[in-house]
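Okay, so here's the structure we're looking at.
In order of appearance the chains are A, B and C, and numbering begins at 1 in each one.
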Amino acid sequence: MLALWRKIRRTGRVAEPAPARPDTRESPAAQELVRELAGSVQVRHVDAGSCNGCEVEIGSAFGPVYDGERYGARLVASPRHADAVLVTGPVTRNMAEPLRRTVEAVPAPKLVVAVGDCARNCGVFAQAYGVAGAVRDVVPVDVEIGGCPPRPEQIVAAVRGLTGR
Amino acid sequence: MSALGAVGAVGAVAQPVLIVGGSPLMLGVMRQVRAKLEGRAGAGIMQPWRDLRKLFRKEPILPRGTSEVFRYAPIVLMGTTLVVAVVAPFVTVESGLDPVADLFAVVALLALGTVALALAGLDTGTAFGGMGASREMTIIALVEPTLLVAILALSLRVGSTNLPTIVSATLHDPGRVISPVSLLAVVALVVVIIAETGRLPVDNPSTHLELTMVHEAMVLEYAGPDLALVELASAMRLTVFLGLLTTLFAPWGIATTATPAALAIGLSAFAAKITVLGVLLAAGEVFMAKLRLFRVPELLAGSFLLSLLAVAASFFLA
Amino acid sequence: MNLAALGFAAALTSAMGAVIAALVSPADRRALTVGVATGAAGGAAVLAGAAAMAGQGFSLAVPWVLPLAGFRLALDPLGGLFVAVTGGVAVAAGVFGIGYARHGLAGRAAQAVLPVFVAAMLLVPAADSVGTFLVCWELMAVASLPLVLAEHRRRTEVGEAGLWYGVMTHLGFIAILIGLLIFAAQAGDASFTALRQAGAHLSGGVASVVFVTTLVGFAAKAGIAPLHAWLPRAHPEAPSHVSALMSAAMVNLGVYGIVRVGFDLLGSGQGGGQGGGQGWWWPLVLLLGAISAVYGILQAVISTDLKRLLGYSTTENMGLVLIGVGAAGMFAADGNRVLAGLALAAALLHVINHAAFKSLLFLAAGSAVHATGTRDLDALGGLRPGMPVTTGLFGLGALAASALPPGAAFVSEWLLLQSLVHGLPPSGVPSAILLPVAVAAIALTAGLAVATFVKAFGVGFLAKPRSEAAAEATESPPSMLVGMGVAGAACVVLALGATAVLPGVGSVAMLASGSPDPAVHGAVIVQLSTVAGSLSPLLLAVALLVGAVVVVAVLRAVAARSRQRRIARLWDCGGGPLSARMEYTATSFAEPLQRVFDDVLQPELDVDVTHATESRYLVQTVEYRRRVPDRIERRLYQPVLAAVRAWGRAARALATGSVHRYLGYGFYTVTALLIVLAVTR
């Protein structure tokens, strides 16, 4: 226990200072939603068929270095507790219906965020036999984050756009 | 309340308001302390209130196949916690409703809240709901004996289980607090509080893995205002339990006279003590990992032994 | 003729009328007339009992009906309490039986025996001589046996259950017979007044023998471990209203017997220290109570049969009552009569509360079993849509049984804990050890009882049905609902208005324990006299209600969208649909607790692997069976039964079939007896 305490003292703060507030272009409906959420967004992640590269970046975004939680976002376990659904990966045939049901389980007001190129337009898996389509072909998408995988700073910037902090 | 008059009545209203308003703040402080110790920046102490405000404005959902038990369990949970927040003597030495301020009654009311939530978990008919209810009931079944025996140990010296009486007796005889009886009872009660409020090492309140959940598994189905009630009630339960700990073992600062100054001191002393305990609890959690579920009964059995030792000590060291 | 005598006579007349009605009515009217008449008998008994508790007793002596002291009845406040309790349960069970009789119980025999059973249960607390007591006790046992066996054509286990019940109840009867006859022999006369006078002068050894033998018999009737083995067999197999009568009215008479013999007749309540050897009586009772309470609730928590769970819960509650009675005896022996009165009042209040919620639980369980045809909790569930009234009433009973406020049992457990808390500091080493053990036992049972009833209610009635039978369940006929409603109303009254019943209970306890004043008083707030303690169940319930209303009001004001509640699909992680097999069953619910108490319960595991014929490396079937047996039965009863069987086999050597040998047995026995008589005279 003392060793851990010494390590905490030695390490100090790991979180990088927050960059300037990003200028995100959102639709008026999305802006209205952000106003309603007022600085608190609970996020539920759904892996619709990704290679887990985006998951690693999301894990990093909510980790100590980038600390997505300081902007009022939090990862939750159940879509009923969530406001935003973070979808990664192209939507495979098996995950199309579960994704729809997950988004339906979220209480209004809700947002869907497509993370990564695969979620936006199937990325490298376009035309593959197991893929049903991009996320916007299955559920309506509000925010897209490009990249393969997107950098944690991009994910954090998108989250900050949702919380407004 | 009769002796303290109008100021006492103000105290009886101010106390639940302070608890309702302050428990999310305390939760925020605890999360900040954890964040700072883990090297993160943290979301700020107002974040739980922001979460609650947002949740209250969300759409309420009624899952198909559930019954009134699911629908009204958050109200029962919140109602019982509110009654305890009014009745327990945290700020003034007289209770807001003395005939209900019995230590057994307070403990049983808090258990009633847990039972309501467990029944709601079972009512969903999902595997996780049943799992959460089963684990929560196992923990309650093992925590109740420790609680009741610890209450026995505390009330033996005083000759009553009435909360205001115990508090007054401790105020008049401060040396009692460092007796072996009190020390043993304190340790037993700390373990009980950790188990009942679902903190590490018994339960991880921020886990995402359903197989490690106890409390969270029962509320997976709640959304919007229902979830807000459940979260607020959980924060209030933590505050109330910590408040019971301070009021039974460290009641100094509590208002004994009917003056506004005493009331103000009582409110701030209560807030300060709860904050200190919350910070200690949060700091302790950083150093602990969650216990495997089947190791938790060993922990609870240990606390039961401690409370039995407290009762034995109160005989032979009388 | 005062109210008590009138009421009692009316009750007995009504019961007799019910018997006649059962024998002469046509089949379609039989159940109705018998049910109504039994209910009326119960109502009259409640009035009689209440009047007796208020002080208006009566006595009746008919010397020529029975040998020895003849037929004597006397209703004093203690007897009146038990008469009132029996009457209340009879009202609920009688009305319930009207609808339940459609199950094949409408035959003349089954209907006629029920009022006889109720009448016998009413007569036992009023008996005033050894002969009357024993005759009524045996009548009660004989009347209940055909009722337990009523459904024997449908299930084979009913016969075995009836056998266990019959044998154990008669062994208990023999123990009581021996004890009371020794007592009567010492007193010279068999009336209770004579026994009372003799009890003050009995020598320590004789008094102890009387106490222990009667304790054995009464504890067996009350379902106290280790003499409880008949209870979890007989209660599930009996029809539900009979189970309710047995569990909520008959087992109380075991407690009545212990209080009557120990406090009243053997005089340890008043005389104190004169009976000798009393130091270990009441600690023994308390210890038996503590063991039964913990063992009973442990077996209940892991039980998956709904009615067996309720039967073990009866053992637990009777254990709690005996803890109170034992504590009262210990305090009285120490000279602290006020506390003795308080402990006895707590025990008697728990008897009343238990009667109310146990009858409600058994009747509601009977309603569920009647609708689904199964008692197995792992096959029930999802009964709320089809049977809303039954579900609600079972929930009310479960709240009352789990000793949580605002339930009924919370008040009596609070009183019991108060009496134990104030009983310390103790006066000697036995009390110093036993009283904290008693508190620990009560605490452990309280926690486990909560888990048990959450399981029974949550798994049995909520969520989704686990079998076809449960899915197709419909609500029971109105007479059954009315019967349950009566018991439910009693639970609510006892929960909120315990102060209405407590003065009567307190005065009974006061008289029985010789305490100078009633232990509790107060109209809205239960206040203990001479010890510091007060609680208001009514104010607590009102506070809860106000709290809930405040929460709802604030929610309406704050939550903007709270009016439109969307009906959504259950969150099943996206896959699905969820089948009933994915729900938690009763077995899985109790599994963590079973693991914790592994050493006490000692489950038996059977794994049977069948390999494929071609190769031992391939497995065809694996059969896994896990069972939690009743450990006391395993350790205590099986060896005894095996010894008796071995003895019987050895004795078969005597029955060779030769007539000469049998004549020889007779000749030699008579000769030996004559020689013995000649020598001893």
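Here, a residue touches a chain if its C-beta (ideal position, glycine included) is under 8 Å from a C-beta of that chain, and two chains touch if they have at least 3 such contacts.
Only a predicted model underlies this, so the values are computations on that prediction, with no experimental measurement involved.
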Statement: In terms of CA centroids, furthest away from subunit A sits chain C
- request: If you tally contacting C-beta pairs, which comes out ahead, A-C or A-B? Let me know.
  value: A-B
- prompt: Distance from the CA centroid of subunit B to that of subunit C, rounded to the nearest Å?
  reply: 36
Task: Measure off the straight-line distance from the CA centroid of subunit A to the CA centroid of subunit B, and report it in whole Å.
output: 34
- prompt: At what distance in angstrom does the C-alpha mean of subunit C lie from that of subunit A?
  reply: 59
- request: Give me the residues of subunit B that touch two or more other chains.
  value: 57-61, 220-221, 224
Field: Per-residue overlap in subunit C, given as positions that touch at least 2 other chains
entry: 561, 566, 568-569, 571-572
Field: Residues of subunit A touching at least two other chains
entry: 78, 80, 107-108
Message: Quick check on the complex: what are the subunit A residues that touch subunit C?
response: 78-80, 95, 97-99, 101-102, 104-105, 107-108
Message: List the residues on subunit B that touch subunit C in their complex, please.
response: 56-67, 69, 75-76, 78-80, 82-83, 86-87, 97-100, 102, 104-105, 108-109, 111-112, 115, 118-119, 122-127, 129-131, 133-135, 137-138, 140-149, 152, 155-156, 159-162, 165, 220-221, 224-225, 228-229, 293-294, 297, 308, 311-312, 315, 318
- line: Per the touch rule, the subunit C residues reaching subunit A in their complex are 561, 566, 568-569, 571-576
Message: Which residues of subunit A touch subunit B once you look at their complex with the stated criterion?
response: 1, 4-5, 8, 11-15, 18, 36-40, 42, 64, 67, 69-72, 74-78, 80-81, 83, 107-109
Message: Under the stated contact criterion, what part of subunit B meets subunit A in this complex?
response: 35-44, 47, 50-51, 53-54, 57-61, 207-210, 213, 216, 220-224, 227, 286-287
